[in-house]
Structures are given as structure tokens and as C-alpha cells.
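Each of the next two complexes has chain A plus one more chain, namely chain B in the first and chain C in the second.
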Partner chain A sequence: MKFSVGEAVQTSGRDPVHHYRVPRYLRAKRGRIEAVHAAFPLADARAAGDPAPPVETLYTVAFAGDDVWPGGAEPNTVYHAELWESYLHPLETAP
Partner chain B sequence: MSDHTHDHDDHGHDHPHDHGSPAAVMTARVNALIGALETRGVATDADVTTVIERFLAAAGPSNGARIVARAWVDPAYRALLLDDATAAIAALGLDMSHWAPVALRAVENTEQVHNIVVCTLCSCYPIALLGPAPQWYKSEAYRSRVVREPRAVLREFGVVVPDDRDVRVWDSTAELRYLVLPRRPPGTAGWDEDRLAATITRDALVGAAEPIA
Partner chain C sequence: MSRLNDVGGLTGFGPIEREPDEPLFHSEWEARVFALNRLLMGKGLYNLDEFRDAVERIDPARYYGLSYYERWFEGVRTLLIERGIVPPETAT
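Here is the complex of A and B:
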């Protein structure tokens, strides 16, 4: 497990051509680990038919509405998504 | 091979067939898949229908309502539901791991917090607990708007969430499914579980309505 609850992270800004579970509006956005779940097979690899997909820890990441839609979010709104570990960077080292 | 869609949670069965629509494309794919299974002797169309009907016969919002009503009357059950919802539904004889290894999470509405569930990438939904998802849940309008302006969307559902009450949006982007534990309606002191369960609608279980006593 790479991240802990409360840790600040940034989502990857990647834009792969294959199946990918980071919604477009969540790319390269800052959030905070809200929960750490079990490890699950990575959906990207499963969708490609990989018979032995990599298994990664899944996290719930919380994003302030204003961090996702600067100036366009409603007040006091927190958005949560479930993201696999390889979708996330520690905030300090995020590219 | 029959031409039914196996998309029972989508729309009425007598809709006009628009062959360019996503539903028509999906119907063609499903029929091709069933045809391939039949050709190879894996399963018949009737087998597929039997499995789906058996599953749906036990899947409906009364399951979710039972879970919530129990949590309202039993503080230990409420604590278990919020801590480990998958274990909590198993305690009521329910299971949602039919086709995928998904985990359930219950999120609680309070005076300070309103929760609302969405699947922006497709239409993930805890079918075993709530039955098939309503059409609005799968619409692009709901999925794209509720993440950005949940209060505006909730107002259209008749749920007014003031600006000083937090809104938490839960997007089922991977292997979790969500159940909203709504607030118990006022004026229901002393009610038994069955009577409480009757106040809980399908939409309340995903945060798009409030229970009404």
C-alpha cells in the first residue's frame, strides 16, 4: 500500500488510448485519500483481455468541488472517485 | 434466437426500435453473443433468460429498505453497516457478489451531510439490493451534471440541500457500490421495521429522495 488515509495526491494527467477509469475531468487534479480498499485487478488490463491483470490497491479519493471545476463548483461539495494506485502520484512528486 | 435485449433495467419492452441507437447496438451485440454461446453448446437463450429472471426475482429496492430500516432501529447494526456494509448485508442474508467481486459501502445522511451516488463512466448500481437502475440514473444528463452541480440536480428531484449542508458525491468508477443511509423521518418514533421500510423509496437509497413518513 503506497498511500494512507489523509494523504494528498494528484491524479495522473495521462490520456491513454485504451480503457481507463480516470474520468477526463479528474485528470491532473489534486485530492486526498479518503479510504484504502482491497487490491483489485486493474480494469485497464482486464478490458484488454490480459489473462493475468496486475492487481493494485484501490483508493477512494476525495476532491473539493473547486479543485475539479475552479470557479464552477457549488459550495461545500466534495466529489469522490475510486482510483487504482497507478492512477495516483504523491502530491510532492506529481508531474 | 429471440430478439429481446436482456437490458431489463433500461426501458419498456415495447419501445420502437431505432437501429442506430445505443440500445439497438447493444441488442445486436447481446444477440450475437447468445448466438455464439448456443452454436458452441455453452448455453441456450432460455438458460440466459432463466439466470437473469432468477436474479431479478430477488433483486429490488425492498432489500435496500430492509437494510436501512434495520439500521434505524438497531444502533449496533447501523455501526456495522457503516463500517463493513458487505458484512452487514450478509447478516440479513443478502449478497451482491453475483457476477463481480464488488464491495458495498454505506454512506450516511446527517444534518450536516447529504450523499448522492452516480456512475459517471457507465451505470454501475447495486442491482441486487435496489433492483434495476432507473433510466434517469443511466442518462448522460444525470451522470455529467450531478458531479458538478449536485444541488441543482437534487432540487429537480425535489430535494433541497442548503449551501451550508455538505454534499458528498460518490462516483462508482471501480469496484465499490454505494447505498445511502437516509435520515429517519420525523414522527416515526416507535415504528417497527416493516413500517419504517415502507417510507424508503428506491431513489432515497441513492440519495435522490428523502424518505417520507
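Here is the complex of A and C:
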């Protein structure tokens, strides 16, 4: 487990051609670890038929609505997403 | 290179249609597609992520014109053909 609850992270801005679980609107966005879950097989690899997909910790990440939908979010919106560890990077400064 | 299904936050699709007392299925074939997919996954022919991937690979020129369960049918069809379970000419 790489991240702990409360830690600031940034999602990957990667744009792969295969099945991928970071929606476009959450790419290269700053968020905060809200919960740490168990480890699960990575969907990207499972979708490609990998018989031994990497198993990664899954996190609930909280994003400020205004960061996800700049100028378009209702006030005080917090957006939660379940994201695998390899989708996240550490962020030194809090968002 | 985001796929066609990744439409969160895109505009231009019009408002989401809300049906009062929306039925689980709008016709029997939808329920059959749902059941078929669950059965094939349960039998281990493919997993849920492979199914999602198959739906996301639908021809872009057709994708947005298909209904939800028409996309499911296309995904199941693609996987059955790719695995050699059903010959392409009979999978319609």
C-alpha cells in the first residue's frame, strides 16, 4: 500500500488505447485519499485477457467538484472515485 | 485516445431521459441479452472486464446509434466470434 488516508494525490494524465478506469474528466486531477481498500486485479489487464493480472490496492479518492468540473460544479460538491494504485501519483502540496 | 464510452462531462447528447416507473427491461430480448451475458460470464467464457472492453470496441460509426442492450448484444457477439464459439456468419 503506497498511500494512506488524507494523503494528497494526482491522477495520471495517461491516455491509453486499451480498457482503462480513469475517466477523461478525472485525468491529471488533484484529489485526496478518502479510503484504502483491499487489493484487486487490475481491470486493464483483466480486460486484455491477462491470466495473471497485477493485483493492486484500490483507493477511494475525493476530488473537489470545482477541480473536476471547473466552473460547472454545484457548490461544495465532492466527487468520489475508486481508483487503482497505478493510476495515482503522490503530490507533495495539498490540493 | 479515450474510448467512445467515456462521455462523462461531454455536452451535446441532450437531457437524460427520465421515465416514471421505468421497467427493468423495455422488451423481452433485452432480458434475454442480460441473461445470456450473465450465463456466459458465469460459465467463465469471459470476464466482466473483457465484456466491457468488447462493448468499447464497437465500430465508432455505430456506437452512439445503438441502445444500451444493443451494445451488450454487440459485445457478447464479438466475444463469441473471437473465441470461435459462434461462426461470424451465424451470429446475427
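Everything below uses one rule, namely that the second predicted complex is superposed on the first by the 91 of 95 C-alpha atoms of A that agree within 3 Å, B and C clash if a C-alpha of one lies under 4 Å from a C-alpha of the other, contacts with A are read in each partner's own complex, and residues count from 1 in each chain.
Heads up, the rule we're going with is that contacts are C-beta pairs under 8 Å (C-beta built on N, C-alpha and C of every residue); 3 or more make two chains touch, one makes a residue touch a chain.
No experiment lies behind these values; they were computed from the predicted model shown.
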Does the chain A-based superposition show chain B and chain C clashing or fitting? clash
Should A:18 be classified as contacting the first partner (chain B), the second (chain C), both, or neither? second
Once the structures are superposed on A, label A:1 by its partner contacts, choosing first (chain B), second (chain C), both or neither. neither
Touching partner for A:49 - first (chain B), second (chain C), both, neither: second
Which chain makes contact with more of the residues of chain A, chain B or else chain C? B
Quick check on the superposed pair: does A:82 touch chain B, chain C, both, or neither? Answer first, second, both or neither. first
Should A:74 be classified as contacting the first partner (chain B), the second (chain C), both, or neither? first
Hey, what residues of chain A end up touching chain B and chain C alike? 23, 25, 43, 69
Any idea which chain C residues touch chain A in the complex? 1-3, 6, 8-9, 47-50, 52-53, 56
Per the touch rule above, chain A residues touching chain C in the complex are 15-20, 23-25, 43-44, 46-49, 69
Residue ranges of chain A touching chain B (in the complex, touch as defined): 21-23, 25, 35, 37-38, 40, 43, 58, 60, 65, 68-69, 72-84
For the complex, give me every residue of chain B touching chain A. 101, 103, 105, 120-121, 147-152, 163-176
